[in-house]
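First subunit A sits with subunit B, and in the next complex the same chain sits with subunit C.
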Partner chain A sequence: MEQPGIFIRNLAVTFTSRDPSIPGGRAVRNVSIAIEPGKVHALVGESGSGKSVTARTVLGIVGADARVEIQGSIDFRGRNLLELSDDELRSIRGKEIAMIFQEPSRYLNPSITIGVQIGEVLEAHFGLSRRASLERVGEMLSAVELPSRVARRYPHELSGGMKQRAMIAMALVCNPSFVLADEPTTSLDVTVQKQILELLARLQADSRMGMLFISHDLAVVQSIADHVSVMYAGRIVESAPRDELFANPLHPYTRQLLLSVPRSERRGLPLTVIPGRAPDAQNIPEGCAFHPRCRYAVDVCRREMPAELVYGPSHSASCHMIGKLNGDSE
Partner chain B sequence: MSPFVEVHELTKIYRRGGVFQWEGRKFRAIDRVSFSIEEHEVLGLVGESGCGKTTVARSILCLDRPTSGSIRIGNSNPLELRGAKLRGFRRSAQMIFQDVDRALDPRLTVRRSIEEALRSRGVARERRRERIAELLELVGISPDTMEHYPSSFSGGQRQRIVIARALAMEPKFLILDEPVSNLDVSIQAQIVNLLMELRRTLGLTYLFISHDLNLISYISDSIAVMKDGVIVEHGAAEQLIRKPHHPYTRTLFSAIPEHVRGEESSDSPRS
Partner chain C sequence: MIYFMLQRLGRLVLTVFIVATVVFVIVRVVPGDPALVIAGVDARPQDIAAIRAKLGTDRPMLQQYGTWMWGLLHLDLGHSFTTGESVSRLILARFPLTFTLALAGFVLSMLIAVPFGVISAVRRWQAIDYTVMAYTQIGLAVPSFWLGIILLLLFSVRIHLFPLFGLGGISSLVLPSVALGIERSALLIRIVRGSMIEELSRDYVITALAKGLPRRVIIIRHALRNALLPVITIAGIQFGYLLGGAIIIEQVFSLPGLGRLFLTAISNRDFPLVQGGVIFVAAVFSVVSFLADILYSLVNPRVRVS
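This part shows the complex of A and B:
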């Protein structure tokens, strides 16, 4: 059966304050993402770029403790997730759309064994008995390459990598058609990170589920994504198939971000630096939000928000200066 | 010429478990760690969490006295120093940590944080303000902001202030323990460039600790790879990257996610 995709259209998320004199925080501004069925779409950006807020909005877990305005639509199986009631969302969350977070310890209950925690998801969504769920838990643990005895262990008895595997097992136990992974390997050591990325890639390919993969790490994104969108100050500034984006980046932000990653080949040469820092959501500059840090900015960049234009198959970017730039190597 | 820093068979044994210190099981956090750093060079110490990198750093500065081994930095041997002389040594070898938020006292303005360092070094009161301005200028912070509190600066700016404060002690040797790990890529590049420039202009010697292999390969003249408290491989960066000998080094390098390809990546040595 073909799995469904998720289509985010013109999503805007603004955090507001009770005090009308305080400007709202425009965390996400007019973001559209099509996550094709069975594909990994990566959302990459620096902290505060709005990537996690976008993911959390899909799950309906943004704004529980904040005043928030959400516009746009998120289509999943012909329904707009933003219009569903809490009950309807709860039945989708965890069952059809699962989420994997950065710090498994924060999301695992320290006082319950791993087996029971994974089983509870099945009990909640399918009404399985504990006995029936245990069998499925065993299957799931072997799918994430954990020995079956881990079912009887408590989270503190596991290493960081094993905890992340347990969380992946918990996320995938209902066979979701879609997974949101928010920096799932960020706190792990590099050898463990590699194992977890390989595991995620294999599970994703086996079950043909779609994935929205959030990361600040370009190298990690390059190793797992089919399609990459780069976010800056709440907007997607460039979006392209993975190989195209890394071989032929168009937006100055994407280009400079790629060049600012240290590599041994560049030893002795200074790193390319993007001066200044990203604006916060309350003070987003007029025009192109990147213009104060952009070495190519001209007048129009300060005045007008650049439109998103298409430059190749599935390759789009928002910048006034594309095509007017020459080599950007240094 | 002999190396600027020489560490020989450094071992630190902790006791784990037990109510009293002597009851616990012995645990070798680092085991006979030896390395040397030439003057003005960067030694990158790389390894995964818990391998003992930070214990090495703390032992060198005698923040934790090592169980055995010897250390020489310039002309001093910190293990033979006590009291005021040890404090004097720690001034000449500064350490910068990952956790910027804990490094600065939130109740002190930037000026007072740095002034504290200058006073302990005996800089005359009238000279201090001028020197603080120079130091802030050196790390790219506007001296006009010296009366602000740490909370009004971003993470990257706070790390610059921490670096300025370390430089106030006029160290010859800096230990940098994951100094950019909590920073965004674009901010990380700014701090890395700053550190490399300071090394050049002030003639500093660095022990640079990180779990980030890309960063270590970029910044280091030589690299030491640690695993389970032991240095498993140590050599000139170029050679170690091109031809790692120890199986663990190879595992570590092969675990780097597919290389980010910039414009000039076609001749990448590892692709």
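This part shows the complex of A and C:
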């Protein structure tokens, strides 16, 4: 069966408030991402840059209480996910597009056993009884390298790594063609991170499913992604195939991010920190949102939002100063 | 678990001991001499003295306390001053009625509180929520005995659906149980609603949504299961209040439960019966909240391991 891709076009997500005097939070601003079938597309950025909101919008689960305004389109199997009814979306969630969350201890239900939490996905989508789903639950647990007795355990009885494995089993139990992994290793110890990452990479390769992999950590992304998009203040500032992005970063923000990651090629050189803080969604600077923190910023950066330009095969970036920076060894 | 149960048992014994001491003192500090009540106002001093000697109230306070505590240790609550009957037998004869009232009121209040608390939480700030909240506001303000009187007027006087007073089978328990249940449901609805709202905002609900679970499963299996945990503890305490409420509502419906027994005992200065009654209610209260704790630890997997 041919696996589908997900095509996000001109997505804008704005959180509005009951109080009209409070400005809306522009969490996602005009984002387009093409996640090719069977590929891993990484979305990188600091917290609050709109990565998680983008992923949650795909499943239509952006904060149940929040008032949200969503524009653009998300195409999946020839349908726009943003136009589907609740029931249609529900039949896709967990079955065709699944999601893995950041902190398993908060995202697993503390008073339901792991087995039931995995099995109920089958119950919801295939009408399987608890008994009938047992076999598949066991299969899934061994696929994520957990012993079958874990099915009868509660989340608090497992270690962080085991919980995240259980969460992965839960997401993949219906063999989804697509998985949204929202910082799946961030809350874990470094050694466990590596194991979980390898497990995810292996499961992804085996089933040829597409993946949107969200992370703030470029080192993690480098090992798993096929394509990387860098997000800043709700926009994609640079997008390129992995090797191209790491070899030839164009946007000053991407360069800064790379410099703040310890890498073997740069052994002996100091790590740098990006000065300042990422803007929140309610106070996004005029022009290029990155200009207050950008060492190359000139007048035009403060006034005009840079257009997204193509710089090579599948490599695009939005910055006024690209070309003027080239040759800069920084 | 064993340690936990022993610990709670110890606390129960301590509670009963403290209650016993306090009630012993209060009964004797309050003015009124049981011998005077029994002998009547015209009695001669030597008759009164004879009765005092017979009851043992002429002995020093400490000695009386010692005798009473010694009896208590052997689960002997003594004998009524007025009728000479065994206090424990008197109480146990009346207890089933009061307990039935409290239990019926409790079950009813939970049957009202859980569904309405959940609906209110799920449809927060919508018409149904405001209606339920208005109900709880009234329920919290109205005492159960007043509600009992209104129910009596409506269903026994206006339409003769239930007996007006006295014990006549199950039907005579309906109105008092309803009065108790409605009154207690008000607070419980608010607790269920608050707890449910909190659980619905937890991250595991997002996971459940992302898994494509139906709304009903998310609300009942995921949120309600966690939301009921704090409710169990509070419901245990509420049951104690219901026992007290039942004692009062028996008066409104002229039912021969513990209420009438204790009120008569107080006006007769029947020391052993008053003391025994207070200790009995305190013990039942402790046992019920003990059971609620056990239930809590059985339902909550996080407590079970430790």
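Here is the rule we use: the second predicted complex is superposed on the first by the 313 of 330 C-alpha atoms of A that agree within 3 Å, B and C clash if a C-alpha of one lies under 4 Å from a C-alpha of the other, contacts with A are read in each partner's own complex, and residues count from 1 in each chain.
Simple rule for what comes next: a residue touches a chain if its C-beta (ideal position, glycine included) is under 8 Å from a C-beta of that chain, and two chains touch if they have at least 3 such contacts.
These numbers come from a predicted model, not from an experiment.
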item: Subunit B versus subunit C as contact partner of A:75, first or second or both or neither; value: neither
item: Partner chain in contact with A:217 - subunit B first, subunit C second, else both or neither; value: first
item: Subunit A residues touched - subunit C or subunit B, whichever exceeds; value: B
item: Touched partner set for A:246, first subunit B, second subunit C, both or neither; value: first
item: First, second, both or neither for A:308, with subunit B first and subunit C second; value: neither
item: Subunit B versus subunit C as contact partner of A:263, first or second or both or neither; value: first
item: Which of subunit B and subunit C A:273 touches, first, second, both or neither; value: first
item: First (subunit B), second (subunit C), both or neither touched by A:103; value: second
item: Contacts of A:36 with subunit B and subunit C, given as first, second, both or neither; value: neither
item: Residues of subunit A that lie at the interface with subunit B and also at the interface with subunit C; value: none
item: Residues of subunit C touching subunit A in the complex; value: 200-214, 217, 221-222, 225-226, 229, 299-302, 305
item: For the subunit B and subunit A complex, residues of the former touching the latter; value: 48-49, 154, 156, 184-190, 192-193, 196-197, 211-215, 217-219, 237-238, 241, 251-252, 254-265, 267-270
item: Parts of subunit A lying in touch with subunit C, wherever the complex brings them together; value: 56, 59, 61, 64-65, 90-95, 98-99, 101, 103, 106-112, 120-121, 124-125, 154, 156-157, 167, 170
item: Touching residues (chain side subunit A, partner subunit B) in the complex; value: 46-47, 160, 189-194, 197, 216-220, 222-223, 246-247, 256-267, 270-275, 277-278, 328-329
